[in-house]
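I've put the structures underneath this note.
Here come two complexes built around chain A, the first alongside chain B, the second alongside chain C.
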Partner chain A sequence: MAQETHESAEHGEFNVGDMIMHHIKDEHGWELAHGLTIPLPVILYTQDRGLEVFSSSHIMHDEVYNGYKEHEGDIHRVTATGEIDESVKVWDFSITKNVASLLLSAIILLVVFFSVRNGYEKNKGRAPKGIQSFLEPIILFVRDEIAKPNIGPKYERYLPYLLTLFFFILINNLLGLLPGGANLTGNIAVTLVLAVISFLITNFSGNKHYWAHIIKPTGVPVALLPIMIPVEIVGVFMKPFSLMVRLFANITAGHIIILSLLGLIFIARNLGGTGTGLAVSPLVTVFALFMNGIELLVAFLQAFIFTLLTSMYIGSAVEEHHEADHGIGYEGADPHH
Partner chain B sequence: MAETTENNPEQPDDEAQRNLLKKATEKTTSYAQYSSIAFQMLGTIGLGVWGGMKLDEWQGNERPIWTIVLSLTAIGASLYLFIRQLPKY
Partner chain C sequence: MDLLTPDIGLLFWQVVIFLGIFLILRAFAWKPITASLKEREDNIQSALDLAEKTRAEMAALKADNEKLLAQARVERDVILRGAKETADKMVADARDKAAAEGQRMLELARESMQNERQALVAQVKKEVVTLSLDIAEKVLRRELNDKASQEQLIKDLVTNSHLN
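Let's turn to the complex of A and B:
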């Protein structure tokens, strides 16, 4: 995602922080390289003018179009003199770079998995072929190593969600590593939505033991209940919160590290001239390649962890409870005894 | 997992690879669990402090009594939630 940075350095006044933020953040229009931007539709809603749609190429270089101007990533209404008019609330439903990347990943997932499904129809009773044989072990891994051991006997009804989650995060992590790719899974709004879906599924499948533990934790004195119930409720919300923050932080941090490494080249050039810049670039390239390799691993790891933790949370909500199953040894380890 | 290894008695390589995968999965599972708990503790304490500060601001307290009480409660709560999620041995 970082190769295009070579071009984005303004001579003499190169700011690494700005460069990094520019690559991490969402934008109107998809900048593949400096000077090569794919315009995307800008969709705005304002109370006085209603819905308006135009191309992002009109507002690319701080230009004013149709009374709108982009300022630090947000689109504002401007007055006749060109000042930003804060009194008009602009609802921005644009197909931004992240939204475009999301739609692209959805198309890729649909194409890939429909071909896998067709593979199972065509090769019924025979060995899998092509992309089907590449994905089958991963699908089985999610089923046998993630869903089954963590959810238990009722794992089957959650598999469609867990598989979707796994492959959605994986494909978007990988797309984010491509040069010019969008940082979708490093966007906290996207991870928030994923976490909220996991939260809803967990709590809607919670059985009576799960809720009993929250409303009346076993072995807690009645006097402590006013404290313990809020604590348990906070705990319910903190689980998806940790899912959201981890994915966002890991992906964003990985991108920042690679971008900072590449930024070193330009810092060196600004300090000691073109020669110094050229001198450090081989070393930086090696480090950046190494980090890219790590990021490749992280892309798989984070998809795995998100799915794993989701299935653990679901598992804790649907498990049939200890007392009958495991006897005293289990309860004895409970902290509130 | 024992069944899968028994199914391939003539393929020691395959078996070794499966064991390796199993070990890696176990390690990642515990890493995932503990790092998740860390984020949960951070979130719990953050929520307590934020809530306390908001309450103090709302009541216009001279001494940040809610911030103190709620942040301490949140630290206790985060420890409780942490211990509850430890594997039960």
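Let's turn to the complex of A and C:
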């Protein structure tokens, strides 16, 4: 209760929208709870001053430090009078909350899968044990249910990427659900990078059938080609775009719903006093718990869908015989093939 | 730090860290793990294949045994039947031979009895003749002591001889 009275005192009225946006966005420094913020390094590059590194604690409360000031989450150069200097472009490579969470997830992934790898070396020729036996079904699921059926015989080349992708999204979805966790997979920059990598892998794997299908879609009348070719080309970019938006929107939406539910407590308190706030808390807690359960499911589901769709796109790019051939007489009709 | 505009910093770190863990995991985790999984699956598969093969071999062996057994049974039956036939034939032959022998011995006996009887008859005849001659001699000797009777005899003889 002390927490939100502090907030009310600071910002006047409690604004649930601001609270939600604050939680789903990135920040300099990691706010685990109100008033408990872990300072993180701020790394800036400007053309005139080069690389600068300092602690985020210096700029946490809108102070000016070293000629920099944080305004609405972004760090700006300020003039001597304290005004924001728009003429200086500040490249912000800070270890923000999301980057810290990203590093943490990377460390977890490395530790976990190195121990799994060691398990395979230690238990060679024996049944899997411990974390190895816990993760083996998931690895086999990615291999047998996602990679193999969608990519086909060449799946082995893409398996390391798909496994990394799956576990990266999964671990970050789960870390995001922890109290105080960062909304990393609900950040457009992260999903953009994942989608672009999937896009590059798909298109660099594309064989002649894939490109031929884009330039001349099979079974389409010539008159429709001026329409179909742009559609196909847009489709190439639409696929990764949908990947990017899907993951970002699903995870962010989940966070917004849980935060909105919890925000109901504070709205009730603002409307009817502390007693009303306490009265709605149990009901809201039940809903929030239910939503957390759903989010846990979504964490797995979105990791699965992103990986599945990526392998389907790769599969369509490396497919040897196009579906439109119906597999009839392709080999026999063309002896040079 | 807007919701829909990617930050350059996070973009940069995401590329660096994601590619970093991808490359590290690929080299040191995914390759050994997938290789181990494949190896284990191959082992299991080959063990299963071996079991299947052994089972097929056992079945073939059993079938062979059955076949051999059936063959042996047939052979045994053939031998038994042959033996029985031989035995029956031997018994029949023996019976025939015994019957023939009996018949022959009977014939012999009959023949010898016939001979005996003939010899006996001849003997008897001879005895009778001798006896008759003896009697006749004795009678004659006595008759001839009397003159009248001698004459009578001669007369009779002459008469009979005429008759003859």
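Worth a mention:
Following the convention adopted for this analysis, the second predicted complex is superposed on the first by the 303 of 337 C-alpha atoms of A that agree within 3 Å, B and C clash if a C-alpha of one lies under 4 Å from a C-alpha of the other, contacts with A are read in each partner's own complex, and residues count from 1 in each chain.
Quick note on the criterion: a contact is a pair of C-beta atoms (placed from the backbone, for glycine too) under 8 Å apart; a residue touches a chain by one contact, two chains touch by 3 or more.
Bear in mind the structure is a predicted one, so any value in this text is a computation, not a measurement.
Contact with chain B, but none with chain C, is seen for A:Val231 once the two complexes are overlaid on the shared chain.
Shared-chain residue A:Glu145: touches chain B; no touch with chain C. When the shared chain is aligned, no partner comes close enough to touch A:His255: not chain B, not chain C.
In the superposed pair of complexes, A:Leu243 makes contact with chain B only, with no contact to chain C. After overlaying the two complexes on the shared chain, residue contacts for A:Arg269 are found with neither chain B nor chain C.
When chain B and chain C are set side by side, the one touching more residues of chain A is C.
When the two complexes are overlaid on their common chain A, residue A:Leu301 makes contact with chain B while staying clear of chain C.
Legend: residue contacts after superposition of the two complexes on their common chain; A:Lys69 is shown touching neither chain B nor chain C. Across the complex, chain A meets chain B through its residues 145, 227, 231, 234-235, 238-239, 241-243, 245-246, 301, 304-305, 308-309, 312, 330, 333-335. Across the complex, chain C meets chain A through its residues 1, 3-15, 17-22, 24-26, 28-34, 36-37, 40, 43. If you check the complex, the residues on chain A that touch chain C are 21, 24-27, 43, 72-74, 91-96, 98-99, 102-103, 106, 109-110, 113-114, 116-117, 120-121, 124-125, 136, 139-140, 143, 156, 159-161, 163-164, 168, 187-190, 192-194, 197, 252.
By the touch criterion given at the top, residues 21, 25, 28-29, 31-33, 35-40, 42-44, 47, 73, 77, 80-81, 83-84, 88-89 of chain B touch chain A in their complex.
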